[in-house]
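Naming follows writing order (A, B and C), and every chain is counted from residue 1.
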Amino acid sequence: QYVTKQEFDAYKKSQPEVTWKGAPRISSEDGKFQFKVRGRLNVDYDGIDQDESITGDPDVSSVELRRARIGVEGVVFYDVAYKFEVDFAGDNTSVKDAYLRYTGLPVDITIGNFKPYNSLDELISGNYITFMERAAFVEAFRLDRLIGLGLSYDENKHWTLSAGVFATTPEGDQTEFYEDGTTFSSRLTVAPINEKGKVVHLGASVRQRDAAGDPRNDAENLFRYRARGADLHLADRFIATPYIGESDTFWGLEGAVVLGSFSLQGEYSQNRVEVAPGIANADPTYTGWYVGANWFLTGESRPYKNGVFGRVKVKDPVFDGSGGWGAWQIAGRYDVLDLSDQADKITAGGVVTCSACGEQVTWLLGVNWHLNDYTRLMLNVNQSEIDGGVNDGAEITGVGMRAQVDW
Amino acid sequence: QYVTKQEFDAYKKSQPEVTWKGAPRISSEDGKFQFKVRGRLNVDYDGIDQDESITGDPDVSSVELRRARIGVEGVVFYDVAYKFEVDFAGDNTSVKDAYLRYTGLPVDITIGNFKPYNSLDELISGNYITFMERAAFVEAFRLDRLIGLGLSYDENKHWTLSAGVFATTPEGDQTEFYEDGTTFSSRLTVAPINEKGKVVHLGASVRQRDAAGDPRNDAENLFRYRARGADLHLADRFIATPYIGESDTFWGLEGAVVLGSFSLQGEYSQNRVEVAPGIANADPTYTGWYVGANWFLTGESRPYKNGVFGRVKVKDPVFDGSGGWGAWQIAGRYDVLDLSDQADKITAGGVVTCSACGEQVTWLLGVNWHLNDYTRLMLNVNQSEIDGGVNDGAEITGVGMRAQVDW
Amino acid sequence: QYVTKQEFDAYKKSQPEVTWKGAPRISSEDGKFQFKVRGRLNVDYDGIDQDESITGDPDVSSVELRRARIGVEGVVFYDVAYKFEVDFAGDNTSVKDAYLRYTGLPVDITIGNFKPYNSLDELISGNYITFMERAAFVEAFRLDRLIGLGLSYDENKHWTLSAGVFATTPEGDQTEFYEDGTTFSSRLTVAPINEKGKVVHLGASVRQRDAAGDPRNDAENLFRYRARGADLHLADRFIATPYIGESDTFWGLEGAVVLGSFSLQGEYSQNRVEVAPGIANADPTYTGWYVGANWFLTGESRPYKNGVFGRVKVKDPVFDGSGGWGAWQIAGRYDVLDLSDQADKITAGGVVTCSACGEQVTWLLGVNWHLNDYTRLMLNVNQSEIDGGVNDGAEITGVGMRAQVDW
């Protein structure tokens, strides 16, 4: 007796579907459920000349696991998606994306720990950023994940709009503060051209946030602003403000172009800080901007979707059978962060000293070798110049190397 | 040439079976192996008026990831099951269920970190409890996971019996103590009626435990007892004893009824403490009890199995295609914890002061919206009154909200 | 209409392949991708008489989760493999294997956190070691995972060769030190006989390492050497050096024989330490060695591959249907660690005192019951004698028990 097509089709329909996205994504045929394990490893080496004669900080020559994450993502019953990922780098535990999302409406609703809607560089996944570290202002202005609720629309090919409200929690320890601050964030992106290999991206975003507080003693978890030398993670920080801000307002403009294997990307941002009255009578405006270019020698193109760049599809991956060369990308960036505004006024308040409130200008050159869609070796050669503050005139020069895999 | 039924059946048998339980449960056809990833996210907001005029503690308005877990469960070769889950909420690491279990005998044998056999409310999974937090006595009497060995019988529909011996380890740090204490725990449940939508549950459990010690200097990790205001996780604690107990004996009675979509649940418990002789000549008995009721407006019923309540099957889940409304449940609870016994005698010992050894009476009202079997939004409105101790007369009023997904 | 063989074969090819290795290993039919979740639990009890009259340390009676790990391993595109596993025992986070590996060449290239190539006992997975803890010198000489780059050749049945360069990072905290030290490691193994049930293994390895440093103030993260009493994890340490070494050189010889269900295993190692000049004018040589034997009463044999021993295949696993008895193994080991060399000279330097720089000789007896390939119960009865130093003459006697499952 033979098997009929009907029987066979019924069986096929009953089986889960497995799609390989690094790790397998398993889906039920009826679309109700989906599940995938995810994770990533970044193994880094940084060698940095920290201009000890000026800064007092000796050279760095050190390795680290920059990122070491395990997580999951999935769908439970059609419209409720979730994502949860934890980083264990340095034997520390740090929750990254941890949210549920209702996708059954034109506007997605996200609740949990996730990135507020600011800055193209911040919103591109760490797996896909062009350089080893993001632009200096991203760290300085703390455009990082918060717990909150967000609405986002990304179903049109040519624009996205998103807005959210988040809790401003102190770094590290939220238990000491009774009242979380409030962070509002919103972003609009427009892509008048969005074709394969031909993209024009424009974007703007704002963020307004208040510090967390303890009404019992009028204490606040004030904001500070700082960034690492040479845009490298193991460098020390040569420009930095003290804890000063009780609220601040960020706005940023984004632009990017993809033309075949060539791509330009730049952002300009300002962060206006209201210094706590007890500290000083000042409201400095800090500025960060960068412009970068990158080119795939091997013909790949940066894929663009939903207002960010995503995973590069390698045309000719490396493996022993075929001898492909993978994808080779070269890139450069000019990155400026200026924390010098009203430094004198802040110091004049007599409570804190703005002695390191300077400007950092960084040149970066990078080479990325994508062995395949999920594996990348990176080399960065960077130099920062410090202007103003106690480290005035220092030149921080470093080389960074990374081996990256994700699944 | 066509495929025969025999060939087809042989192929089908050779393939793993995938059952969707949020995440997929993968089983080998021969029953030897089984595996599933599991986890959960609870995103909470608590807003609490802590009656600062009396307690000195200001209002709370704060978010947190209340639970953020990843884990696995499975079977290796027919009879050996395992479960392992870790919580990363607050960027901390906390091992939850972590055990292996031999299931090849009528009585299951469990070894590892798991819940001792006390209290219905404690033993119901956090995914399925009716309110955002369990009854106050569960935290106060620390009916939490311990490392140990347990025997449990649950193969009869109408009763379960379980008993175990556990190591009493200090909270947080076990390395300072040379001798773990011993905890004995046992529970019997009877369900004279156990049908779909019609359940009568009765239960009783006991626990006896000794504190961990350091024989070198006669030091002990004494027990203390305390609970949070308004049964909310981000509230402060307004009744609490100092570290006093060198051993204690808990006993509790449980009752629950399900009648269609209506359900009642209550427990009464006492914990008799032997205060360390060096502290005071006292042996107070602390009491905790609650009674609660809940009702599914949408017709669902609380499922009962093996002496606990489990996952609610939502009749008409929310998703864009069908416009189902999910399951709506309303609930109320009256929750009492009395830590006032012999407070004067303990203070009279002259070593510690039992200044916050009072009673807390809490009213809770809750609404739960189950979008589907794995997703739930919760709203609790709670009020505690404190009677006795330094916070006598305080009224702690709070609202809690949770978005929950598990897989 | 019936299904043709061609259609059926095409379908079969399109489906992922699932192989059960505890947890399922999912592979794409084309060999491009592979994925498996992995993990393990070790639930331990140690009872130890620490000879308090001499050592001052009281008896231990305590449980712990000795290992509690979740991880993943997989392949992304043919030749790039990865493995990442984290341990959460004791509610701590500790990254274990965390690497990517290029396997497309005869010599594998590994980058990340992994074990340097020293010592058979260290390189055998903790799932497969014969006793609950490895030989004392493994801990004393810190032959543990480091971040680095390694090359390994293991495609010949009769020999393996591996070498790597690693960063010597301070235990616990790498952020305080600007310059990682350098560790070189290399190992050669030869198996003139390598058949099922008949193996002769010979091996030799070396390691040279420098301490991490902080050039700013000439500070170094000096090495110390120490081991736990009775080769049990919850025992105190009765021989230990202070922080003394600025560099050291390890070499070790390995030998092992398998004859059916009988097996012998032994190692001899020396670690020559260059004491930091500021500490003392000394360069002691510490010695560790052991010899052990084990026998499967039930006829199993230790499997050998790539220069290490692996997972035992249980002939007649325990499960209710068949009444198999599992695999029973008995084992003994004589384990010596001598940290006494030049103790006087080190103390004479006047900076540190080498008061516990003695020798520990340990007898171990073990019984292992493998319920199946993935589950093992262990019992160890061990006794150490301390010779020299402040604990001279102490006898540390202990019993250890473990329930182990991995997936």
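We take it that contacts are C-beta pairs under 8 Å (C-beta built on N, C-alpha and C of every residue); 3 or more make two chains touch, one makes a residue touch a chain.
Only a predicted model underlies this, so the values are computations on that prediction, with no experimental measurement involved.
The chains that touch chain A as well as chain C are B. Rotation angle, chain B onto chain C, C-alpha superposition: 120 degrees, expressed as a multiple of 5. At the interface between chain A and chain B, under half of the residue numbers involved are used by both copies, so each side presents largely different positions.
Distance between chain centres (mean CA atoms), chain A to chain B: 37 Å. Shared interface positions of chain C, i.e. residues touching 2 or more other chains, are given as 2-3, 7-8, 15, 37, 70, 92-93.
Across the complex, chain C is touched by residues 2-5, 7-8, 12, 15, 18, 20, 22-24, 37, 39, 41, 43, 52, 56-65, 68, 70, 88-93, 317-321, 371-375, 403, 405, 407 of chain A.
Those residues of chain A that touch chain B in the complex are listed here as 1-3, 7-8, 11, 15-16, 26, 28, 32-33, 35, 37, 70-72, 74, 76-80, 82, 84, 86, 92-95, 98-100, 102, 104-105, 111-113, 147-148, 167, 169, 172, 174-175, 177-180, 214-216.
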